[in-house]
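First chain written, first letter: the chains are A, B, C and D, and each begins at residue 1.
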Amino acid sequence: MDSTAQSMTGDRIACRATGVRANAAGACIALLRRDFVLAWRRRGELFLPLLYAVIVTALFPFALGPDPELLARIAGGVLLVIVVLAMLPALESMFRADLDDGTLEQWLLAPQPLALLALTRVIAHWLTTVLPLIIVMPLLGALMNLPVKVLPVLIVTLLLATPLLVLLGAVLSALAAGARRSGILLALMLLPLAVPVVIFAAGAIAGAQSGMPYIAPLTWLAAALVMAIVLAPLACAAALRIAVES
Amino acid sequence: MNPVRKRRLIITLLILGAVAVATGLSVFALQRNMTYLYSPSEVDAGKAPDGHPFRLGGIVKEGSIRRVPGTLTTDFVITDRFQSIPVTYTGILPDLFRVGQSTITTGTMDNGTFVAKTVLAKHDATYMPPQVAQAIAKAKQEHRIPPDAGHGGSQ
Amino acid sequence: MTTPPAPAAPLLSAHRLAFSRNDEPVFGPLDFSLGSGETVLVEGDNGSGKTTLLRVLAGMLPPGTGEIHFHGEPASRDSRNGRVLWLGHRAGMNEALSARENLGFLAGLYGARGGMTAATAMERVGIAAWIDEPVRTLSAGQKKRAGLARLLLLQGDIWLLDEPYANLDRRGIGLVNALIAEHCASGGGALVTSHGAVRFADPRARHIRLDA
Amino acid sequence: MSRSYLPHWMHWLGSPPNFYRFAGTLRPWLMALALASAAIGLYGGLVLAPPDYQQGDAYRIIFIHVPSAWMSLFIYATMAVAGLIALVWRVKLAEVIAMECAPTGAAFTFITLATGSLWGKPMWGTWWTWDARLTSELVLLFLYLGVIGLCNAFEDRRRGARAASLLALVGIVNLPIVHYSVQWWNTLHQGTTVDFLDPARSSIAAPMLWPLLVMALATHLYFFASILGRARTGLLSLESGKQWVRTLVDGQPAPTMEAPT
């Protein structure tokens, strides 16, 4: 050890050569693994949004009366809104635990791009909390009497719209993480940014439902998603730096 | 290359790539029609949804307004100067509803007639005193230009 | 990349470093440097700005006035990250995960030292038996020891230790001193805060006194 | 450090005592000019301007609605620029200005929506419709509210200001949507009337145009006067421990502020 001490002072590479080098890909995999293990350990909590979505969906036929045509007509929009609402509570706690237990401080000093870690967290969050909602969509569609031809479009729409919402939500969640109270605040901030997403998603679903072309709104969503994948993690990293200042 | 500049370069390239892809997708999307309303020509071409409510926009055709006596029902024809569609509506019409006015109605097609649930009048982006409007109309008449060609709104 | 010739710059140096919060001066202006193999002890009462100083050095607070250099380079994310290890009041470990999982994740972010694994590090700090228990079941002192295991495991030659003696028993304090001495012997350096109640082992350590 | 990128006069003005005095001198003049031009503009718009060939007298709401709408966008842009300066250079004055923009901007946005709604009922036949212009303007209002809410949710006001500035920057994507919505989509809302790049193409008669422009001038002057006043108050409370504030307050008979020691 002593022989390497001198070169260590000058050069970081020398220091690394003696151990397991950290690289960006390895860091992302480590973060994904950690988040999956954590999600598995709290799998009970992961069922809550699912349960919420199923219960709310089941309430609609009771509240509106069992008119299959009425249900079929509103099914697409209702399911879209239910998914957005079911996503909200989990978004709020996206960075909260890491801020409270000091893990974010460790993120900040790690020799990895913070934006990349934020993007990885978004991916892990989407896979663990949102993907299950999309997987049960056929069941929810059946409850709402959703026309079978609309189901694939609804799922594709959600596959584009929900990552976009999680990316936006990550920025806002990071912003709100440093604040005193953030529950209703996140909803207030997410609403204006989610409106365009919901409009285009609803446009695609309505198009599919009435037998009209639905490619245009889906393409808009895809364009927004591409931009958000690059820009949102950068904004998220800036927000996390503000959150750690205290 | 030093790490700071390398990272900036990567971020810049990523942003440029994303902008390029997003622009491509937007151009593709713009070529597809996504509208607030459909024109009579589009309805005639079968582009409007069938059996579902949609918005029909156009100009109220000259001499087409017929009020059914004793009711609030009004029949009129919406045209975009190429195709026309008869519309029937029961209810109170907005102030601006008149011949030659841009109008947006929401409803469904029923046997070739558009049954409107709401009628909205769109006013155009032109503001001028009535005397000027009359003078323009007169000048247009002298030059045999249709009265609504000058200010048909931004449709 | 060629290694610059000696004399090597200090691991960390601060020049006229001062910080104010809402225009109330918190500390400074300070001048100090932390060379390879050195320990600097930051002393001061509660509220004298010890934690703030460490957070400014770690880049978690905006720099006030003055200059910070790491290895002779002006402080930036690139000159700092990967060289600095931070041990603060909070463990930096998720409570629902075990120490092994937490350390494994952080090793993925920072890289692990040669010959070190989560298990050997936990054994060195004397809580190897708790390695697979959720961190939430650990006592405050054990959490602190798990934090020390992190310092052992991860790569980084500048240790910023905020109150490392807090919550530790007599043997734990000895362990902290031993770890710092070992780290310094291998070319690292440590900046340690203490409110002065603990007798610091290294008689050669330099002191910075902060006054409220 | 990085503040050296700023020009000298910004340095001078960025110092709170300088700004406080500068704003205090400028504000009454701006406010007087704003009131005068508002009086002229309203007289010109409500009395002198002829009725519209289509809408009669009801169109006169544009003298409130249109300047407010312009202001709702202008103030958001101002807020975002100030927020960017606050984030990059951490200038305290920029933080204060960015945050004090939000309530005024929200007020103008609300006025725009309310007057538009009042106008829409007789003209279009509806109070509200979800067309692109109206929806994006509503989103703008929510953005302002989000900025206000986020800023106030932090214990530390400067952290809150920086977090809210970041939100303002994220929300800037909405500005082009508001402005171009009438061109990009077939909306119920009419297209652009006043063309600033090519005034000859503006589709509004001159006797109606000049009161509109004077009203726009009045709202801008009012905004500048109000932001100067608000920023002064904001700076005072943020700097309450500073010597210049103490001197300022001690010189007046008002109750003295106890500075935290």
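One rule holds in what follows: contacts are C-beta pairs under 8 Å (C-beta built on N, C-alpha and C of every residue); 3 or more make two chains touch, one makes a residue touch a chain.
Just so it is clear, the structure is predicted and the values come from calculations on it, not from any experiment.
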Most remote chain, CA-based centroid, reference being chain D: C
Chain pair with the most C-beta contacts: A-C
Distance from chain B to chain A - Cα centre to Cα centre, in angstrom: 37
Averaged-CA centre spacing for the pair chain D and chain B, given as whole angstrom: 32
Chain C and chain D: spacing of chain centres that average the CA atoms, whole Å: 47
Residues of chain C touching at least two other chains: 62
Chain A residues counted as touching two or more neighbouring chains: 245
Residues of chain D engaged with two or more neighbouring chains: 156
Chain contact graph, described as a line, ring, star, complete graph or other shape: complete
Chain C - residues contacting chain D, complex: 22-24, 62-63
Residue numbers on chain D that touch chain B, as the complex places them: 50-55, 58-59, 62, 122-126, 129, 131-132, 182-183, 185-188, 190-193, 203-205, 207-208
Interfacial residue positions of chain C with respect to chain A in the complex: 1, 3-4, 6, 8-9, 11, 36-37, 58-62, 71, 80-86, 88-97, 101-102, 104-116, 155, 157, 185-188
For the chain C and chain B complex, residues of the former touching the latter: 76, 78
Residues of chain A defined as touching chain C within the complex: 1-2, 4-16, 18-22, 26-27, 29-31, 33-34, 37-38, 41-42, 97-98, 100-103, 105-112, 117, 244-245
